[in-house]
Amino acid sequence: MPEQIQLPRTLNEYYDRARESMSPQNRAYFLAGAGDGRTMSANESAFDHVSITPRMLRDLGGGSTETHLLGQRLASPFLIAPFAYHRLLDAAGEVATATGSQAQSIKMILSAQSSVDINTVRSAGDDCDWFQLYWMGSRQTTIELAQMAVAAGFGTLVLTVDAPVQGVRDREIEAGFELPHDVSAVNLARFSRPRFAPLEGTQSIVFDRIAHTLPTWDDVAWLIAQVQVPVLLKGILHPDDAARAQSIGAAGVVVSNHGGRVLDRAPATLDVLPAIVEKVGPDYPVLMDGGIRRGVDIFVALAMGAKAVLIGRPIVCGLAVAGDLGVSHVLRLLRDEFEVAMLLSGCATIDDIRRDMVHLKL
Amino acid sequence: MPEQIQLPRTLNEYYDRARESMSPQNRAYFLAGAGDGRTMSANESAFDHVSITPRMLRDLGGGSTETHLLGQRLASPFLIAPFAYHRLLDAAGEVATATGSQAQSIKMILSAQSSVDINTVRSAGDDCDWFQLYWMGSRQTTIELAQMAVAAGFGTLVLTVDAPVQGVRDREIEAGFELPHDVSAVNLARFSRPRFAPLEGTQSIVFDRIAHTLPTWDDVAWLIAQVQVPVLLKGILHPDDAARAQSIGAAGVVVSNHGGRVLDRAPATLDVLPAIVEKVGPDYPVLMDGGIRRGVDIFVALAMGAKAVLIGRPIVCGLAVAGDLGVSHVLRLLRDEFEVAMLLSGCATIDDIRRDMVHLKL
Amino acid sequence: MPEQIQLPRTLNEYYDRARESMSPQNRAYFLAGAGDGRTMSANESAFDHVSITPRMLRDLGGGSTETHLLGQRLASPFLIAPFAYHRLLDAAGEVATATGSQAQSIKMILSAQSSVDINTVRSAGDDCDWFQLYWMGSRQTTIELAQMAVAAGFGTLVLTVDAPVQGVRDREIEAGFELPHDVSAVNLARFSRPRFAPLEGTQSIVFDRIAHTLPTWDDVAWLIAQVQVPVLLKGILHPDDAARAQSIGAAGVVVSNHGGRVLDRAPATLDVLPAIVEKVGPDYPVLMDGGIRRGVDIFVALAMGAKAVLIGRPIVCGLAVAGDLGVSHVLRLLRDEFEVAMLLSGCATIDDIRRDMVHLKL
Amino acid sequence: MPEQIQLPRTLNEYYDRARESMSPQNRAYFLAGAGDGRTMSANESAFDHVSITPRMLRDLGGGSTETHLLGQRLASPFLIAPFAYHRLLDAAGEVATATGSQAQSIKMILSAQSSVDINTVRSAGDDCDWFQLYWMGSRQTTIELAQMAVAAGFGTLVLTVDAPVQGVRDREIEAGFELPHDVSAVNLARFSRPRFAPLEGTQSIVFDRIAHTLPTWDDVAWLIAQVQVPVLLKGILHPDDAARAQSIGAAGVVVSNHGGRVLDRAPATLDVLPAIVEKVGPDYPVLMDGGIRRGVDIFVALAMGAKAVLIGRPIVCGLAVAGDLGVSHVLRLLRDEFEVAMLLSGCATIDDIRRDMVHLKL
């Protein structure tokens, strides 16, 4: 019926409608944070501690939201964050997301845990050419996954480093979340994952098994050296780790706490961003995700030093509410709001969005 | 019935009654802020971070609330803020507001978006002799509007500079706000507004069309030079912009974020006021609006450096609840409360309301 | 019925029961603050910004809560604050309060607006020998009132200086509070109050009439010189005013904002107390009222520099719930809690309650 | 029925289920704080002012949660806090708790107010070999109690010093809490407690009776010298008291405010911990309790300087919900969460959990 397919008119309506319409299991998986959700909430509330002081009567003619990152042109300084199993939200899964992002010329980062074949997604949109991967337990398996992505036409890799184990996902446990039989990480099926010997005596699954399969800085340096495309490290929260990424040849870092889904009590990404940018210098590509719900939040993140931001849960909501059309609409609303924020604050170009436009408050 | 026309007895009763009685559309248009309403809320809560330290046993005989601004006498240091379309709230529209303000000898600033003919409003009250205008897309159209106001007997102009585009007015969109057929900006009908060529390719309505119709400091300096009356700039939030206004001959500035209706995450006006006053010096007319709900708030704003304040939403509420009588009553309550605040804090004159009467707290 | 006369068992039960059982008019008059009640709330929440660091294993044998003030012995360092019209709460009015305070050897300050004859109250208890008065519009009338109190056997006077006019008592207006015909300030009936000529033109009742009847520092110095008993000034919030009180011979000051009932946005008394004590020195009697709801709050106020505190609303509640018995019980609970706080924090005497026992937190 | 014995799946489910299922009396006794519960709440909220900055890509192989304290091995750096009357929560009482803790190799500190015979509890688990005691009114009685515990096989004593009298336990009074006839401190029955002569005149039960039965630093030094086992002092909140404990030969201190059950307005334990550790040096055993509800909180407490923490209310909840199995499950969840927190933040050993892993925020 027509009433049911009427699109939300505002971002908040998307968020509200998605929260209402998702199953409790999906709500727990996609929208809840780890533990008590404090880091997830902190990501959002960190923006409330920043104000933008707009400047008046500047010449704003001919400005634009265009920017460049790693030599690539971005129509607007944000990308779709990688997240798993889009088919939980829409039958077309990652293809729907790629189609929606393509419609707005916004880049999408495909998750290694895509629930649709990587080549199918890649062919759905020119702008879906970044690929996110986890360490696969060994150098060999990890490079195989990376090579598969490059072969499929993904020209930029994003290695997630902040989730060596799942966080304390109590909301999922309480909701009884599990993958339905027809949704899986189809692109990972071919790769072997570590198998663990039985624990002996007082051994710990965490320290005596999992820990031995995790990458170190040396492993990641090796990976970067092997692949022919830029690799960004996602999940950096400490300036020294950002500097280390820079020193081993990472093409950039994504300041991220995994949307608050791993370590509850990790800091809000916006709060740690400035010190990281200061450490690696203004030219090194530092991206950020976490807590961005409005176009004006993109402005704030850029003013605090991010070159671009990743958008996660708003896309989840757009996809859940209206598939590819929802994704496209959410991206359009974010882009429009961001343009309005630029105009209202007197910024014609991305370079005008400087640190002195924003102020911290208590 | 008598019960229905009983006036509210307190300011909060006006605010509550107005909120209850207004249509959802009007509530969204007049009472909501842009985005998530954070700047609108911050305007109000900023006052909670200030305390007044009263002084005892001073000689208070023969004091008064009188002050002078731009050579004009004000009975009390506040004016009615300009806002559009009073006829949405009361059939007599801006005439009702002017009548109510005249009854209390409080000046009213008429909005260019008045829903009643400018001359009709002007003749409704001697104290309605300030006129607010927007840039009209070109120097020629703007000066024509200014000249129309001066010719109608408005001796002070207030140019709003902080709203080159509408903010993100989600509450209005969600409520489906639109002007009824019989309410419009009748005084602007005669003026041509910019017409835009169709967008090409990736062009942006904001940057490739609207931005070219916006004024710069040079345009405003030109306007000030053209008109024979004082011009204040409304919407200043940065000290450097206030200094620039001063340098191009503006008669004063109004520190304002448009009541939180344009850029959500702009700072609270009270928070930025002191630095602006310090920048332009104690003699330059700096006015303020935003968040004033009580007579004691007027005291605080003056102590923080404002020469006078503009009152918006309380007047909206008075007009919505009881037309001209409501406007008059709200003004009376504000004035009485302000007098009480002066007496209780030991201030006999406006000049006694100094910075050292107030303290910031966390 | 027995159930109905069962006394509350805890202070909070007194406060809750009183709030439930009082008429809306009395609730507005006795329990609400001026304006939006922010100063009243701030008085209470100021205590939440202080923590007590207890010390362990000290020798606490033979300690006590006894202290001396103006050469008078106090069993515990608190007094009943003056407030008007006790007969609104209990038929026996101020006699009930005096009886209850006498039972606990706690001093009571009788309000000039007592609803029972001054001599009747005075004879109800030895510990009811402090009298509070307002300036009566002229030196002559004020000294007459003071002399009446001294003649009745009140050996200490407390002059309230912070309420030259009523505050913005919206809650009372909204509740329609007015004195019933059989309750009045019986002791003031004999005194003439200022009568005002009609206002002319733009004259202000506040500045052109009331302000001329208010006392100055010279008037108060004159009063102090006239009477033979110690006079404290109540309602001081600024260090310089405390120093001025000291210099004109006041026996002490009461740091007070009238329980938040006059100037809303005045600071919390606890917040301004330390600077006042520092200004007048550790030996000058500085008392405090406002926000004390627990015995531990008395400890905090003393650690922040008060020599003693005045208790208002808890007594209102005790009186409202159970008359003289309720007053006595509330005083007992406060005293017991205060003793427990001393023991738990390692203080055997009032002098042990020093500034280094408490810490401010954000 | 099977549904009813289904265990909670997460810690919060334990806390919620316990709160729902406990009697109002037990809820008041075990879960409420003294006074208005501010210190109890502050214990928890103090953790919200700390964030953990995780480090990435470190080598985590072969790590563990093992630590050593007083020469004893702890499987994980936390112990079960002593609390009274476990039989109020489960028929098997302290035996159930000891059984549950033994299953997870977590040490339990038995309260002197155990509701089960000390030898019975001791034999229920090797890891139940710490004993908590209060001062018993005299040196003689206290040493007898200590000797009884040592004779029963308890090799570490914890002397509680912060509760010379009960706090203001209003919640218990309001709920009418009293011990049922079949629950008592069975191990204390044989010891004589001080008997008080009747009070005379204005004497105070607190200062003229109880205070004379309390220990001083000299008494505690004497006790430590008498016993052959390590004695920790529990209830220290001031650095100077910690230093004094160190100087008289205490084996360590437990930074504690008794779970907020004695002095309301005492500081949160986490807030005072760093200054205490700084005072006594990094090698002196400083433990902490209060506010720990999650494994990640243990991480925070250790980073702020604690050598180990005591867990109270989570164990109360586990015991109340499912007896020994509930205790074991809660301990397992805490331990798993703590391991996850270590891995996610890049710490392989307890020594890696350093002060620079955490940051204070406003």
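Order of writing sets the chain letters: A, B, C and D. Residues in each chain are counted from 1.
One rule holds for everything that comes next: a contact is a pair of C-beta atoms (placed from the backbone, for glycine too) under 8 Å apart; a residue touches a chain by one contact, two chains touch by 3 or more.
All figures in this text were calculated on a predicted structure; none of them were measured in a lab.
Trainee: Starting from the defined contact criterion, work out which chains touch chain A and chain B both, please.
Mentor: none
Trainee: Could you say what rotation angle superposes chain C on its sequence twin chain D, using C-alpha positions and rounding to the nearest 5°?
Mentor: Superposing chain C on chain D takes a rotation of 90 degrees, nearest 5.
Trainee: So chain B and chain C: same face meeting same face, with over half the numbers shared, or different?
Mentor: On the two sides of the chain C and chain B interface, the residue numbers are mostly different, under half being shared.
Trainee: Rounded to the nearest whole Å, what is the centre-to-centre distance of chain A and chain D, using the mean of the C-alpha atoms as each centre?
Mentor: 42
Trainee: Roughly how far is chain A from chain C, going centre to centre by Cα mean, in whole Å?
Mentor: Result: the chain centres lie 59 Å from each other.
Trainee: Of all the residues in chain B, which ones touch at least 2 other chains?
Mentor: In chain B, 362 touch at least two other chains.
Trainee: For the complex, give me every residue of chain A touching chain B.
Mentor: Interface residues on the chain A side: 9-13, 47-48, 50-65, 75, 105, 294-296, 300, 336-337, 339-345, 348, 359, 361-362.
Trainee: Under the stated contact criterion, what part of chain A meets chain D in this complex?
Mentor: 35-36, 38-39, 42, 161-168, 170, 173-174, 202, 204, 206-208, 210-212, 214-217, 219-220, 233, 235-238, 240-241, 244, 262-268, 271-272, 362
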